[in-house]
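This report concerns only the one structure given below.
Chains: A, B, C and D, in written order; residue numbering restarts at 1 for each.
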Amino acid sequence: MHIGFLGLGNMGGPMALNLIKAGHQLTVFDLSQSATAQLVEAGAQTVASPAALAQSEVEIIISMLPAAAHVKSVYLGADGLLANLKAGVRLIDSSTIDPLSAREVAAAAAKNGNPMLDAPVSGGTGGAAAGTLTFMVGGSQTDFEQAHEILSVMGKNIVHCGASGNGQVAKVANNMLLGISMIGVAEAMTLGVSLGMDAKVLAGIINTSSGRCWSSDTYNPFPGVLDTAPAARGYSGGFGTDLMLKDLGLASEAAKQVGQPVILGALAQQLYQSFSAQGNGGLDFSAIINLYRKDT
Amino acid sequence: MHIGFLGLGNMGGPMALNLIKAGHQLTVFDLSQSATAQLVEAGAQTVASPAALAQSEVEIIISMLPAAAHVKSVYLGADGLLANLKAGVRLIDSSTIDPLSAREVAAAAAKNGNPMLDAPVSGGTGGAAAGTLTFMVGGSQTDFEQAHEILSVMGKNIVHCGASGNGQVAKVANNMLLGISMIGVAEAMTLGVSLGMDAKVLAGIINTSSGRCWSSDTYNPFPGVLDTAPAARGYSGGFGTDLMLKDLGLASEAAKQVGQPVILGALAQQLYQSFSAQGNGGLDFSAIINLYRKDT
Amino acid sequence: MHIGFLGLGNMGGPMALNLIKAGHQLTVFDLSQSATAQLVEAGAQTVASPAALAQSEVEIIISMLPAAAHVKSVYLGADGLLANLKAGVRLIDSSTIDPLSAREVAAAAAKNGNPMLDAPVSGGTGGAAAGTLTFMVGGSQTDFEQAHEILSVMGKNIVHCGASGNGQVAKVANNMLLGISMIGVAEAMTLGVSLGMDAKVLAGIINTSSGRCWSSDTYNPFPGVLDTAPAARGYSGGFGTDLMLKDLGLASEAAKQVGQPVILGALAQQLYQSFSAQGNGGLDFSAIINLYRKDT
Amino acid sequence: MHIGFLGLGNMGGPMALNLIKAGHQLTVFDLSQSATAQLVEAGAQTVASPAALAQSEVEIIISMLPAAAHVKSVYLGADGLLANLKAGVRLIDSSTIDPLSAREVAAAAAKNGNPMLDAPVSGGTGGAAAGTLTFMVGGSQTDFEQAHEILSVMGKNIVHCGASGNGQVAKVANNMLLGISMIGVAEAMTLGVSLGMDAKVLAGIINTSSGRCWSSDTYNPFPGVLDTAPAARGYSGGFGTDLMLKDLGLASEAAKQVGQPVILGALAQQLYQSFSAQGNGGLDFSAIINLYRKDT
């Protein structure tokens, strides 16, 4: 299939590459020449603007952009995709943005005759390279089914979350809970250790009790508990504090828009913000435990 | 074996009963006559005071009391157990109290020649009746092994958490995390639903993602998600809000004693306190989601 | 002077009226016909659009709009003020919006040859009617001095806060502190009363001690302490919970934009959000004490 | 008058000295020999135990002890004051402890025929030396009036807060509010400065607006705003972080005992705890602003 791809950053680049490897014809756009160069080398064509991409013969366009402002500008701008796109071309936005913006863009696309899905991902750059991302997809059942094959090239878990915007809802809700749970585990582990327990023993008990959670059993932030977690390698790699901060910002913003309190969510956001302001934004988010450790 | 049992409340009563059913000889004490009557009917002897219990021929004494003040008074008081107990009698305190008090009492017991374990439980009144409690045990390896058989009569999971007091540490650390996670799930679920998602679909996504936790996959607070959770029966039964509040109070108190911050833990305590002050202390703690639901 | 006025709501209406009463010639615009009708009756002319206002002979334009999106649209839109305004016409935006948006609009105005001040107010609808508002003004010293006379018609305190955007900064910083202090007073008062103190005695002590603050000595939220506070009239009138919520939202949004933690500020926002979600958004913000009172 | 004084630390020492200077006869007790030596040099007699103090000819006993455990032990212990005191001797406890403990001890004293006041102070070591402390006094009107003259020797503000325990209530309520306000000011000031305002200008606006409070106008934590505040001398002297932490601990403990939520109070406690755990417990509590400053 002839696919257009917009936004070739750390995530978008490897995703586009997997589409080429699977035999698809790609036309790509990115502001960075070096980003496109790599894809061209792999066989992609390149265009000079979103408008040019829209005017090319692509059947579907996938975008992976940093924030809602970029998504709105690329899709809704005077020189953007919708203004230049013929009806029927399908759209998938894999950017992580707030649900209301996602719905606004999808509604404009629908009006233009372009079925659109929001399909934010989780799984990190590792999952993007390996083609094992999770896609949380919002949009109609039909559009979801049509997109399934292509998304499966880039991901392993393709989950339909309901109508337009719900892919974003699922992502911000899950990641807000993740951000809270990680701090909860950080507090429980440091409290236990401060009171004299062995970290590994405590994690073992929690992981078979009612405190059990992914942040404890798969990604425990206390060094020495899990060999495979970022805590075992100085909190490098993984899911950066500033990315968690971005998602918590989306969660509290979306909550504000619908008048929904998110008390622990907002506090968690502030704690990651404090940690980031101390210069730790590039560390894996589980490093938040360093706010609590007295021995470091 | 001849066992002394002190404190025959909602938990202690059924626990003592299971010991009788297993063929042990029981001598019991409780301030409430009706509580002892039931045990006497089942074959237990009764005594008039902790001192009398200490002076009887029991080989081991198990206590299940409401708070540290009771434990200290019963064990350390002028007319208490230690003042009247001969060396060698073994002690197990299954009360949930702060770790430092547990260590203080255990140290006094050791000085008196009485090996002591702290062994708080989880599993609720249901688990107490069914003999399926989890015991989190602090004390020496030898003492733990000696107590294992008797604890197994009352529980299914008997976990050694390390030295004296660590049973309490494990319990408060786990339950603090549980209290935080439950509010985190409540916020994530209500945020998602306020933004237009179906609760069951959202829970399904969370339960296979990084937000996965016991509070979501086993005890989800949103009505309609799980048939077996308290949310399905109006938040009756289960683990009461005021019990969670007590455990969070122990956690923040223990944290204060060792100068350890527990930021989300303290906020969670205040939120359960708010919910309890509104008259909801008797509801299962997952009812905390009602602080967040706009549709109720 | 010939003044243009945009946005004739609860605040803007009375402000514009005071300008007419002071002898100025007014040309006004508002989407609501009934809002303009009142001003026309008082002697104002009316125009059909922001563009028409810009093309009229006004020497200065004052705007009072609900949110940053409106301000950006009215000033920066294709049919907006700047696109239709000749250089030299001075601009004053009295809307309360985030500082970065205020600076963005002011920079565009400067580029267009139109000196612009941000001048958000405090003092409520009462102050707007009485002409006793406080204006917190951001912009150059010269522009501030030129605007002083006109602002003095509508307000009593005209404070220069520094360069462009700083009027907004001063307002969100002050109001965030106000939102926090009010909850602090609510907690201190209810704690004291729950512990057995008389509310008036407690307030008297606080007001001569280190807890002294405007929320306690001038606007005490506990009923019976001050005859003049909203607490004495069922929390009607005053500064609405939803207005406080809006300002706290601006504060946390601005904080996010500059990576500044505001931990209590964000928590205060969530507490007012909870209170508003329970249907209390129209009550004076000091009614937040009802989240804490067990006797009501 | 012949006065007994118990507890000659940083506060009690200078207070006792002022009583001697005013011509009173003092009999003192402290575990530290060097503490008593200084008073003996000034003319005091010394005794070897609280019991001996009780058995001496004192007409009134004043105590100034670190925590409730000491107060209970000194007053209620088997060898304590009450067990050795004849009826009629009056008692004043100036320790800062939780209100319920204060009431428990006062009730026991009353039963023993000894009228007792709780009279915690504020004003720091400076005020203790200068005799300018504030006394917040709980107890009967008669007892308060009788004690007024002696308290006036040590303090300038002698405030009757109502019945027994209310001196402690007033102190914890005021200081909890103070702890919250200070963090509120820290957040407002750092937010404003991060957004580009001058700290002194911002403080000036806040101090004439609704954010006005003692923490801003008298004790502003931002360096350069006030020459007289601890911020001007590296946060040395003043009211230590660990003392604020103790008072917030008393507030949240008392709140727990009466089931009263104190949400910001508990969060403030955790933030001072975090700051103290980083090694800053000895700095003035206004140094908490360093948790927020990105430029330091």
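The rule is simple: contacts are C-beta pairs under 8 Å (C-beta built on N, C-alpha and C of every residue); 3 or more make two chains touch, one makes a residue touch a chain.
Given the structure is predicted, the values throughout are model-derived calculations rather than measurements.
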**Asked** Quick check: more C-beta contact pairs in B-D or B-C?
**Response** B-D
**Prompt:** Which chain's centre, taken as the mean of its Cα atoms, is farthest from the centre of subunit D?
**Reply:** A
**Where subunit C and subunit D are represented by their mean Cα positions, the distance between them in whole Å** = 40
**Complete:** Whole-Å distance, C-alpha centre of subunit B to that of subunit D, is 37
**Item:** CA centroid of subunit B to CA centroid of subunit C, Å
**Value:** 51
**Request:** For subunit C, write out the residues touching at least two other chains, lowest number first.
**Result:** 255, 259-263, 267, 271, 274, 277, 291-292, 294
**Message:** Per the contact definition, I'd like the list of subunit A residues that touch subunit D in the complex.
**Reply:** 267, 274, 277, 291-292, 294
**Prompt:** For subunit C, which residues count as touching subunit A in their complex?
**Reply:** 249, 252-253, 255-256, 259-263, 266-267, 269-271, 273-274, 276-277
**Message:** Please output the residues of subunit D touching subunit C within their complex, sorted ascending.
**Reply:** 99, 122, 134, 136, 157, 159, 161-163, 165-166, 169-170, 172-178, 180-181, 183-185, 187-192, 194-198, 201-202, 205-206, 208-216, 218-219, 251, 254-255, 258-265, 267-268, 271, 291-292, 294
